[in-house]
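First chain written, first letter: the chains are A, B, C and D, and each begins at residue 1.
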C-alpha cells in the first residue's frame, strides 16, 4: 500500500501527541536548565578539609599577623589576627586577596638571563664568578630578618657592602639618624602617646605603616569627635583638580598648600613658633620669614600663625614627613618632639643589634662587580650601576631589565622572621612559618647564597639563635592567646614554640632622652624625594605588592575608589 | 526565635581604604573580570566617595559603603522577581538572591533604588590555577544571572553546622561575622541582630546620628548609617536629586 | 478517516516506545567504579557496623564524605585477599598514596549545601532515609551519568516517571522539600543553597 | 523561473492580482538581509552572553524592553478590533480584521523572540511557570503574553488555511470550520488576556517604589499606570492598523478597505486617545503633587536633566495626545485622508514616546543623592536585533498579504465548504 501525505500528517500528529506522554520533553527541560546551573567551563572551588592556620604577611616590612583559611592545603581566605600587637587585627586591602598572588600571571617561574630562560646552576656559576672577580653589593628590602643576617655575613666575608632600601616611613626618620649618629634604623614615632599629629603629606590614614596602627588610633581617639583626643592635621596639596587624599578628607583639619612647599611651611612654622615664643627656645632659627613662607605655600601669614598655635595647643605634638625632608625634622627639634614622649623616639635594641646596615640604597655602588637584590626590595628600584644585577623576584613587576631574574618564593611560601615594623616606637619580633610548599623552581636569596657558600648559616638556625637570645634577654612580653612576660616563660623551647604558633615578642617601651639631635643652624631644605601626596592610588605604602592581586585590579576598574597604582601593573 | 541581621556603618570612621570591598569579593568568589567597567562589574560591597562640593580647607569628603540594604518591608526586588529567585529569609531577615533560580531578566535591578544588585555580564574566569584559591563555602555564579550581598551566608552555614555538631540549636554569634565587618580596620561596620534589643548594633540604630538611605521610600532597610556631620545625613534623603558632586575614577 | 486514526495511533505508539525505552538509554552513560567494593563484606568480616566508622564528621562538623585512602590503609596496607580488586586497591592507590577516584552516586552540585551534622546529629535521621539501603549492598553498582546535566542518576532517581519511588531513591530538591514538609522544618533558599 | 512562477501563482488566491514573483522577491530581499543580520546579532548575544550589549548594571533595561513595550502597545489593534467585531458586533470593521490579527501575531511573536534574547538565562525562562511569584507584574505579563500568543496562533490558523492550496485538504477544511466557530470565543479570551498584560506591562513600572519617577499609587493591587497602559494601547492600536493599511494600499496601489472603515477606526482611536490624555494628565498631576513629594522627591527635579526636560512631557500630552485626538474625531479633518493618517502617526508616536519615557528615563534618573544622571547608547547587536524584528514583521506580513486573503471581504460562513 502506498503511504500518502495524509498518512504522514496523521502519523506525526499522533507522534507529537504521544511524545507529551513520555519523559522526553519534561526531562530535557529539566536537564538543560540544570546544565545552565553547572556549566562545565565555570571554575569550581576545590573540595576538601578546611583548616585555619596563622602566620604573618611579609609582602611589606610591616609584617601584619594573618589568619589563613586553607582548603585542601591551599590558602582560600586571609583575615587579620586580633591578638597581634602590630596589626591589631587589621590588614590592608591587598592582604585580603593575597591568596591569589601565587597564581598571578606575572609570577616568575624560570631563571632568566637577559630575557632568555636558563638554569639556577648558570646563575650560581655567574654569581660565584662575580664574587671571585670583584666587590659585590647586596640590597635588602626588609632589614633585620634572619635572611638579612645571612646576606650580611655573606658580603662581609667578601668585604662587599650590604645596603637596605628603607620604607618611606623609615626614610622620613633618616635626618634624625644622621644628626644623632644612630642611623635611620631603630627610630620611631611614639604616636600612641601623641595628642597632635601634623602630617606633611604622609598618607597616615591610607597605608602609612601597619594599617592597624595609626588608622586604629585615629578611629578610637579621633573619628567623629568634634574635639578629638588625637588631632590629625594634614598639610597637603590637593590632588588633581579639587580631589583630596583620603587622609586629608578625613583629617581633623586639612591645610591645603602648594605642592612641594612642605619645607617652606615647616620653616615658616618654626620661625613663628620661635618669634612668638610659643615654644621654649630650642634648636635653630630658620632664615625664612613667615611672609616668605606664606608666599611659597599660598597660605596667609595669619593662617600660618593659627596653625602654629593649634599645633602647640594640645601637646605632645609631632610633625611627620612623607620623605627625608630635613626641614620637617628640624621643625620637630624646634617643637621639642625629638627624644620625648609622643615624639620621635629611639627603640630598645634588644633584637635589632642585627639590623645595622652599611648604607641605604641611595649611595653609589662604586666599583661593585655585581649587585644582588633581594625579593623584598620594591619593584621600581633599579640600581644606578653598570655592575651585573641579580634580581630576586616572585612576580615580574618590571624587574625584567635586571641581568638576572631569579624566581623567589611567593606569599607564605617561605619561612622568615618578622622584625620591628618601620617607624614603630616599640621593638617587636615574630616568626612567620611558610604555609604553602613553594614550587620546585623557586629559591630565596638566602638559600641561593647558602648554595654558594657552604659555610653560610641556614635561616632556620639563625631564627632559632635569635629566639634563644631573646629568651635569655628575659625582657619584654610575648603576645599569644594571652600576654606573658618573657621572664615568666619556663624554657627557651617553650618561648620559641610560642613564636612559631604566631605569638609576637614585644620589647620594652622607649625611654625619653635616649635620642638627642643637636642642630646648630636650620638645614638647607632637602629635596623632597617622593612628592607630598601619593594620590588615591596609594596602595598601603607604595612599598607593597609588586603586582596587584586580580581582585585589587578589579577594585580599580569597577569602582571609583582607587586608580591603578602609578607605574605598577594593575 | 527569628533573627533580623543588619548593620550599622559609622561613616565618620570610614577611611575608604577598600578592605571591605576586597574581603567581600574574596569571600564570595567574585571573579576579577578584566573587561568589566564601573558599570558592568560585580561589587556586592561598593565604597562610594562623596564630597560636600566645597573647595580648599572647607572641603569634606565621606566614603559610603553601599551593599544590599536587606529591606524588611515591601522589599522591592522580592516583589518583582517573576520566579521567586529572591526572598526575605524568615529566620534571618537576610534578603536572599538565588543565582541558580534567576533567569537574568534584571527587573530586580531596575527595582532597587540602591543599585546594590549586579548582573554577571561575563562568564566568571580566573588566571590559570587561581581557582585553587576559591572559597569552598560559596558557589561560583554563572554568566547571565543577578547577584548581590547575601550577608556571607557561607559563613552562616558553617556556623550552623558547627552548632549542630556540638549539639546546639542556636549558632554562636562569634562564628558568624560577614567578611566586610571582619575586614574593616576601623571597626566602622557593626553587624548584629536588630531584633535583639540588647545587641550593641541594634542599640546603635536608635542613636540620633543613625539614619538610613532613602528611608522615606518606606522599604525599612536593615543597613543603617551613622555620622555626626549634618551634610552627610542630608545625603540620605536625596532631597534635590542633584546631590553633591561625585568623584569620578 | 479510520486510516488517519490508524496512522495517528501508530505514531503515538512509536513515540511512547522511544520516549520510555530508547531515551533513558541515550540520556545516561554508564560508568564502572574504579574497583569493586562490598559494604556487606566489610560489615560482616571486619566488624565495621556503623556508617560513621568510615564516613565520619570532622571536628568542625563538616562531613568527611568517602574515607580517604589512609583510612582504608588501616586494614588494607597490604593485600588482604587474592581478588583482583584487592590488588587494584593496594597497588594502584594505597601504596602510591593515591586517593581512589570513586564515583559518588549522591554527589550534589556546588550550589547545594547539605549538612550531615544537622540532619544526622540534630534531626537524628537514619542514613538510609536518603541513601536507601546502600549500606548493606554487596556490590559497587554501575554509576550512571546524565549526559546533559552531568548529575548522577541517583539525583533524579531510578524510575524515569519518578512515580512510586522507594524511600531514598531520588535526591532532587523536591525530595528534600517533601521531607522538610513532612517534618515541618522551614528553611528558605538560604538554608540549603550557596 | 517560469515554472516557479506557475507554482507560485497557484498559491495565490483566485481572482487576486499580485505582483510578479521576481518583483516580490526583490521587495523581500533587503528585509531578508536585515532579518539575517538580526538573527546573527541575537545569536551572538545568546552565545557570548549579554556583554554583547551596552546594557549595564545601572541601565539594566534598554532598547529591547522599549521595543517590547512599543510593539505590544501597537499590536493592541488585534485584540481590540476582534473585541469590536465579535463582542460589540461592529461588523463594518470586519474587512480589516484579518490584517489586524496578522499584525498582532507579528508584534507579539516578535516581542517574545526579543525577550528570549534579552534575559540572561533563556533556558530557565520556564521557571516562571513552574515557580511563579504571584506578586510580580512580570509573572502576569509572562503568563498573559504566552497565552495570548497561543490565541493569536489559533486566530491566525484559519486565515492561513484559507490559502488556495491548503484549502484542498479536507481535514484542514474541517479543522478550519471548527476553529471558525470558536473564533468569537478566542476574541473574548484574547481581549481579557490583552487587557491584563497591557495593564501589567504598565504595572511593571508603576510598582517600582524604588524609582519615584515611575512609582504610582493605584487601585487595589494595580498602580495607575496599569490602566493608563491599557487605555493608551487600545487608543494607539487602531491608529497603527490604519497606518499599516494605508501603507499597504500605497505600496500595492490598490484600495483594500473602504475609506469609512479607516475613518471609523480613526474616530474610535481619537475618542480613546482623548480619554487617555485626560486620565494621563490627572495622573501626572497627582503624582507631581502628592505621590512623588511624599517620598521626598521634589516634583520638577526629574525634568532638570537634559534632554529629558519638561518639553518631553508636554510633547507626549499635547502634541502626541490632544492634537491627534482632535484631528481624529473632528469631522472635517477626519474626512481628509492626509489629516487622518498624520493624526494616526502622531497617536502611535505618542504611545511609543510614553513607553520610552517609562523605560529609559526611569533608569537614567538618579535615586541616591550621590548618583549621576546616566546615559546609554545601544550596541550594534541591540540595534541589529531590533531591526531583525522589524524585518521579520515586514516579511511575514508581505507573505500573508500575497498568499492569504487578508483584506478579502469574508463571504458567508460556509463559503469555504462550497470552495471545493
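Throughout what follows, a residue touches a chain if its C-beta (ideal position, glycine included) is under 8 Å from a C-beta of that chain, and two chains touch if they have at least 3 such contacts.
These figures come from a predicted structure and were not determined experimentally.
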Statement: Going from chain C to chain D via touching chains takes a minimum number of steps equal to 2
- request: Averaging the CA atoms per chain, pick out the one whose centre lands closest to the mean of every protein CA shown.
  value: B
Query: More C-beta contacts across A-C or across B-C?
result: A-C
- request: Would you mind pulling out the distance in Å between where the CA atoms of chain A average out and where those of chain C do?
  value: 50
Whole-Å gap between the CA centroids of chain B and chain C: 38
- line: In whole angstrom, the CA-centroid distance of chain A from chain D equals 63
Query: So how far apart, in whole Å, are chain A and chain B when each is placed at the average of its C-alpha atoms?
result: 29
- prompt: By residue number and range, which residues of chain C touch two or more other chains?
  reply: 4, 60, 62, 109-111
- line: Going by residue number, chain D touches two or more other chains at 121, 124, 127, 171
- prompt: Multi-chain contacts in chain B: which residues touch at least two other chains?
  reply: 37, 40-41, 48, 100-101, 123, 137-140, 142-144, 246
Query: So that we know how the chains sit together, what is the shape of their touch graph: line, ring, star, complete or other?
result: other
Task: All pairs of touching chains, please: list them by chain label.
output: A-B, A-C, A-D, B-C, B-D
Query: For chain C, which residues are in contact with chain B within the complex?
result: 57, 59-62, 109-111, 113, 115, 117-118, 121-122, 186-191, 193-194
Message: Touching residues of chain D toward chain B in the complex: what are they?
response: 49-51, 55-61, 118-122, 124-125, 127-128, 130-133, 135-139, 142, 204, 207-212, 294-298, 301-302, 304, 362-363, 365-372
Message: Show me the residue ranges of chain B that touch chain C in the complex, using the header's touch definition.
response: 87, 89-92, 94, 96, 98-101, 137-140, 150, 153-154, 156-158, 160-167, 169
Statement: chain B contacts chain A in the complex at 10, 12-19, 21-23, 25-27, 29-30, 32-34, 36-38, 40-43, 46-49, 51, 55-57, 59-63, 100, 123-140, 142-144, 179, 182-183, 185-188, 227-228, 246-249
- request: Under the touch definition given earlier, write down the residues of chain A that touch chain C in their complex.
  value: 6-19, 21-24, 27-28, 30-32, 34-35, 37-38, 40, 44-45, 47, 49-50
